[in-house]
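Structures for review follow.
In the two assemblies presented below, subunit A is common to both, partnered first by subunit B and then by subunit C.
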Partner chain A sequence: MQFSDKKTNLWIDKNKLEIVKKSFPDVKVEEYENAVFIHVKKDKLIDFLKFLKEAEELQFKMFIDFTCVDYPFHTPRFLGVYFLFSPEFKQRVGVKCWAENNSLPSLTGLWKGAKWAEREAWDMFGVKFEGHENLVRMFMWESYPYHPLRKDFPLEGIADTYLPSLNLRPDEIPAHNYSPYHTYVPSMEDLEETEKKRIQKKAQIVLNWGPLHPGTHGTIWFLFDMEGEVIKDCDIILGQLHRGVEKIAETRTYTQFIPYTDRMDYISALCSQVAFVNAVEKLLGITPPPRAKYIRTMMCELQRINSHLLWLGTYALDLGALTIFLYAFREREKIMDIIEGIAGIRLNSSYIRIGGVAQDLPEGALDVIRHFIKDFPKRLEEYETILTKNRVWLRRNVNVGIINEEQVYQYGLTGVVARSAGVPYDIRMIQPTDAYGEVDFDVPLGKVGDCYDRYLLRIEEMKQSIRIVAQCVDKIEKLKDKKFIASENPYVIPTLEEVYNSIESMVKDFNLRIYGEQAPEGEIYLSGENPRGELGFYIVSKGEGHPYRLRIRSGAFYNLQIFPELIKGRTVADAVVLLGSLDPVVGETDR
Partner chain B sequence: MELLGTIVGITIKSLIFIVGMFLAAAYLTLLERKFAGHVQQRPGPLHVGSHGLLQPIADALKVLTKEDLVPDNVDKFLFYLASLLAFVPSIMILAVVPFGEPFEIFGFKIYPYVSDVNVGLLLALAFGSISLYGVIFAGWASNSKYPMLGSLRKAAVLIGYEVALGFAIAGPIMQAGTFSLREIVEAQQGLWFIIPNILGFVVIVFSVLAETGRTPFDVQEAEAELVGGYVTEYSAMKFGLFPLAEWYIATFVLSAITVILFFGGWNPLPLLGWLPIPGFIWFMLKLFAVFMFFLWVHWTVPRYRVDQITELAWKVMLPLALANIFIVAIWIMIFG
Partner chain C sequence: MAIKHNSGIILTTVEEVLSWGRRNSLWPASVGLACCAIEMMHTAASRFDTDRLGIIFRGSPRQSDVLIVAGTVVNKVAPMLKLIYDQMPDPKWVISMGGCSSVGGPFPTYATLQGVDRIIPVDVYVPGCPPTPQALLWGIMQLQKKIKEKKEGKVWEEIPVREVPTASQPLTEKSPFGF
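Right after this comes the complex of A and B.
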């Protein structure tokens, strides 16, 4: 089985690097197999990025990600890393810049999407941004004294708040040996200050929409400054589900981190796993066997249908169509059963392994999937009968939350949100991983960019996913090679059978589990097409068993960022529609 | 003596109606839940009693025995008044709704209605509007943002549909020449009023859905937007009275009025008059059909935005109601 590797490298090519060097001779280029970075001095950064964005033959106008890396023994200490994409030439570039005096120039003038990313960097690293309009914390509350992603911040936090209530029982009958000290807990005043820093009341009332509200799909805290029911100003407080996944990653081996990716976007766990494992495999130089590739692609697409069904159900529920919710969950349940049968776990499946998948497909799995893909299009038609031409549905969706192409590039919108604006940005197409290069599918594009377009696109994507699954099932059935994990590779944990039957495998298993996959020194940025947008993993490896820095570029985080701009001048009722169609999952926005 | 007899008679009859309505409302909840369940391909209540038949009683016990929380910041008087004000007027409409013709048992003449006033329809409308104050008071007294938004929405919707409703019922009144609901039914012994009044019926359906807060128009409690709308701060039976009043009693009574105005009340179906079915049963059958229609709508369609409802009310429903009056007037000129 041949897998085409033609277009998998998305990074900036030699010609373009020459052009860059001609205009900026003092930049340094740092090349890896799956990432190309250009080092710029801080004072030239804005000019350089402007050049990348606007030069006719480059056009890196789409903002992908910004993050920092902490090198405690280097001066200056923090390294800012920018990722840009050129929709014209389908190429990516990374830009690195040392934050002298712990500060960097703000990019909000060039890309509005940098606003939240810079706030996150300030929150997590304490890097200041000159010219940022409102540099407040992103996930933590105001008056939190630390910057958790710095290397000198311990994983378990700093227990500096005296909470005697933990040990109120008298000494004679001690209940637990709790320490009376706890990590910093936000008080009401802290939260109030957090709110005040983000929004100032100008209209009639400030409505706290969330963090626990049936319309917000999790724990997002919206602040609406409202005149009657019209929202005049809006801001978002994130972080109620912030668990510091990126910090945890720095202390776990690559295999140990797979379950954490499940718990980020818990609606589409398999897609997150595949995106992460692909990045690690590229870093380690592992090629999974073809069977594993097809299984991954098939499971990803099943998970995508699953995720879109949950979206459809809750979206319709938000708009008052109660019945669709249960119809969608009826089919979702079938996919859940399929995933449970194959992976053993329904939601956070942890099924993908570095080098392949955890187990081979059980007997009869393909028959069940084949039955499902035969049955599902009829059900999809049923949903469409109820919704697509429904007058109320049209009135609520059409022309609400229109996104244009420029906003897609400005905010770094990805996934269905980008495609609804007519931008053909689908990682499965432009950088096919696994078996995506071997299957046929279309990427539907929207024309208007409103909520109705996004609804139509998700319905159409489910149809396309069914197509992909059907092709994968056929291919897997014809495959003679039954190998599902490349366990001959030194970096891949052997299967249980091998561990029990050979001492070498046992030693290898022990080594990999205790010391981790000693990845070669290098850096990689690789992304996968999550149902919620581009889920990218930027891994900095120092040759240890765990990543030195792992940055997760979350699609939902960037997609949510456009919400305040789109909601201004609309009502609360539209906020529900808009939020539903942007479809964030808080586990992924907060990480 | 005669006065005393009348008073005792009306008291007993009212009690029968009120208790009957309570029981009916309890079982209407079961009906709705079963219906919704089957619409959504699930069984609905199943375990309390045979096929969930005792579920309403269990629900009632649960709601009655729950702790009744009253938040500190509410206006206590209005807060208590609101739940009563939503509930009492909607049950008072029953006073003027006739459920059948007078009939004789053991020499007693029994009237299956509490009173037959000659402004019955107007009274029904008035009570229906008063019950809306319950919603508005609830929102205001709760001293909280979500309930207030909910009641403001309801007030905005109210202004829209009440006008259309008033014009829509003019058609049947013109044809029958009376406000008495009993006489309106008697005027439909030949042709039902649905025939010339079809536009009026459409407007009535819209208004009933809006008044009872059922789905395309349930903006005042849209849970995805406003948590619980105007009932957010309520708990226990004070909370229970709102859905009971709006979703069950009001829907039931307004369905009855719809049947009386457009579907010939207790007159038998055309060509089926020879069947030995009493008028009361005919009435209940029609009432059931109309009630189920409202449930069906509720569990199928999404919800409008509040500005879209007022737009619909003023731009579509009001002209339709006026057109209905025009059509009926021509009908009366031609056919008398």
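Right after this comes the complex of A and C.
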């Protein structure tokens, strides 16, 4: 089967590069197969980015991501990498700039979305930003002395505190890797200091919401400066689930990192795996067989329904409708059973492999899925009957948290949040991976951009996902090729059957598992459409078995950033609605 | 141990009654940290329905008896988790759900607490990444058993170990393998 040659490379084309070179003759262009970067000097960076943003022929006005890469043996040491997107021409561009004297100019004047990304770079690398309004740590606490993503900082941290296990009795032999010494755990004073640096009390009272509150969908910590019931100022403290996933990636092989992508966005594990594996496959030059492509797309869409159902259940629960929570979880259990039957694990199913999927669909899987997609639209109708025209639901949702198109570009909003403002930004459409180019589906767009629009969009997306799953089931049944992994490729770990039956496969399996996939030198940025927004992976490979640097562009991280702006002048009751409709997952925002 | 008379009277001790009440109305604090919290929600929702075991999730630590540590505990959230534990009234129990909260799990990093038992004492460890709702129910039943037996420290089912001959005991006719 031939997959159609739709435009899959989103990077800036030659004509536009010429325009750039005409205005800025001393820039250097660095081209890879799936990434194009422009090197700029630090003193010209702001002018250059302003030109990219405002020039008529370019219009790179959407902020996608900013990160740093550490090169310890280079002076200056840190390299800042910016990603921009042009919604007009559907093209991406990367801009690189060396941070001389460990500092870069702040971009918050051009894009408000750079605020948190720059805080993160300061926290993780210790790069300062001139002109940043409040450069505090993003994930760690304020008195933390290190910058953990630097190459000279060990993964395990520095164990300087005596913190033995309280459960260990004197007569017990501890595990082999048990040490009573541990990294420093902050005290409440440390956290108070962190809080005070974030927000200056101007109104009546500073209210803490979270971090361990059932309404915050995890461990997000909100600070509200309040005048009566009205919120005057707001800031968010993240990092209550910062586990150091990006640092772990630098010590794991590409296959070993797949389970960590599950645990980042744990509600949509399969979508995260597919986004990561697609990036690695492009880097290694692997094409998975058609059956694997359809299976991936089908599983992704099932996971999307699953994710939106959890959102619907908890969102309704936050607004006081317990019934929907129980109904949504009934349907979720059915999808979880399907995923468990196919992948073997309910939640964090590491099912996708580099080059295909872990195993073929079991017998009867397609029948079960077909039964589910026949039954599910009726259930969805039930939910809509309860909610869509409910007077309480309308009062709580309509005209709350209105997002406009300009804010989408300013903050780099993606996913349903961007589409509710009428921006047709869907990675499945503009850069179709796997079998998305082969199936037929619509991308719903909002008109107002409020919470009610986002509710309608997610319900509509579930219906579209059902359409995609139905098409995939039909296609998989007709496929004669039963191959589910491209194991003839030198980078793909062979199946168990092949390992047991041939010595070559056994040697290959051993090499790949011990030394990893020796990816060629190069860089890549590729993203996938997660239920929460664009999940991008920027991989820098130095020809080793593990990535030199792996940056995760999290959709929820950027979507959450608009929360303080939208909540100003509204009440605390709206904060619950707004947070629910932005739908962040802390595992992905904090990584 | 209750003694039942023919006339319909049951004799027991105050401790027994208290223990019976406690183990059948374990109210956990609804604290979710990471992936395990999703499975905890599934345990409480329609299919597994912990309400039938008397387990009702409470929004306040002051009303809770059990703290289910569901998810990765990182260094930054550890003092707050300890605060919640301190706010719970006695008697209180802790279930450590999943590999992350038990020993650090797959995250041996600078930011992660390597086992929640370094800050609060744990009664039951539930293995899994994440544990299925069935596994969490198993953990809750182990806790009920522990409350019933009022044992200090760890309680687990004793698995009988078969004796294997060592080097000092040369293989004889009496060896369990019979050669």
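Observations on the structure shown:
The working rule: the second predicted complex is superposed on the first by the 569 of 591 C-alpha atoms of A that agree within 3 Å, B and C clash if a C-alpha of one lies under 4 Å from a C-alpha of the other, contacts with A are read in each partner's own complex, and residues count from 1 in each chain.
Convention: a residue touches a chain if its C-beta (ideal position, glycine included) is under 8 Å from a C-beta of that chain, and two chains touch if they have at least 3 such contacts.
Remember, predicted model here, so these are calculated numbers, not experimental data.
In the superposition on chain A, A:330 makes contact with both subunit B and subunit C. By the touch criterion defined above, A:573 reaches subunit B but does not reach subunit C.
Touch criterion met: A:322 reaches subunit B, while subunit C stays clear of it. Taking subunit A as the reference, the larger set of touched residues comes from C, when subunit B and subunit C are compared. In the superposition on chain A, A:229 contacts subunit B only, with no contact to subunit C. Of the two partner chains, subunit B is the only one that A:392 touches; subunit C does not reach it.
In the superposition on chain A, A:187 makes contact with subunit C only, not with subunit B. In the superposition on chain A, A:214 makes contact with both subunit B and subunit C. Within subunit A, the residues touched by subunit B in the first complex and by subunit C in the second are 214, 326-327, 330. For subunit A in complex with subunit B, the touching residues are 205, 207-208, 213-215, 228-229, 316-323, 326-327, 330, 386-387, 390, 392-393, 395-396, 571-576. Listing the residues of subunit B that touch subunit A in their complex gives 36, 39-42, 145, 149, 152-153, 215-216, 218-219, 222-227, 299-308. Contact residues on subunit A toward subunit C in their complex (touch as defined above): 139-141, 146, 148, 153-158, 163-169, 175, 182-188, 191, 211-212, 214, 218-219, 239-244, 247-248, 259-260, 263, 266-267, 310, 313, 325-327, 329-330, 332-333, 336, 346-348, 586-587.
Contact residues of subunit C toward subunit A in the complex are 30-35, 37-39, 41-42, 45-47, 59, 71-72, 74-81, 83-84, 103, 106-115, 117-122, 129-130, 132, 153-154.
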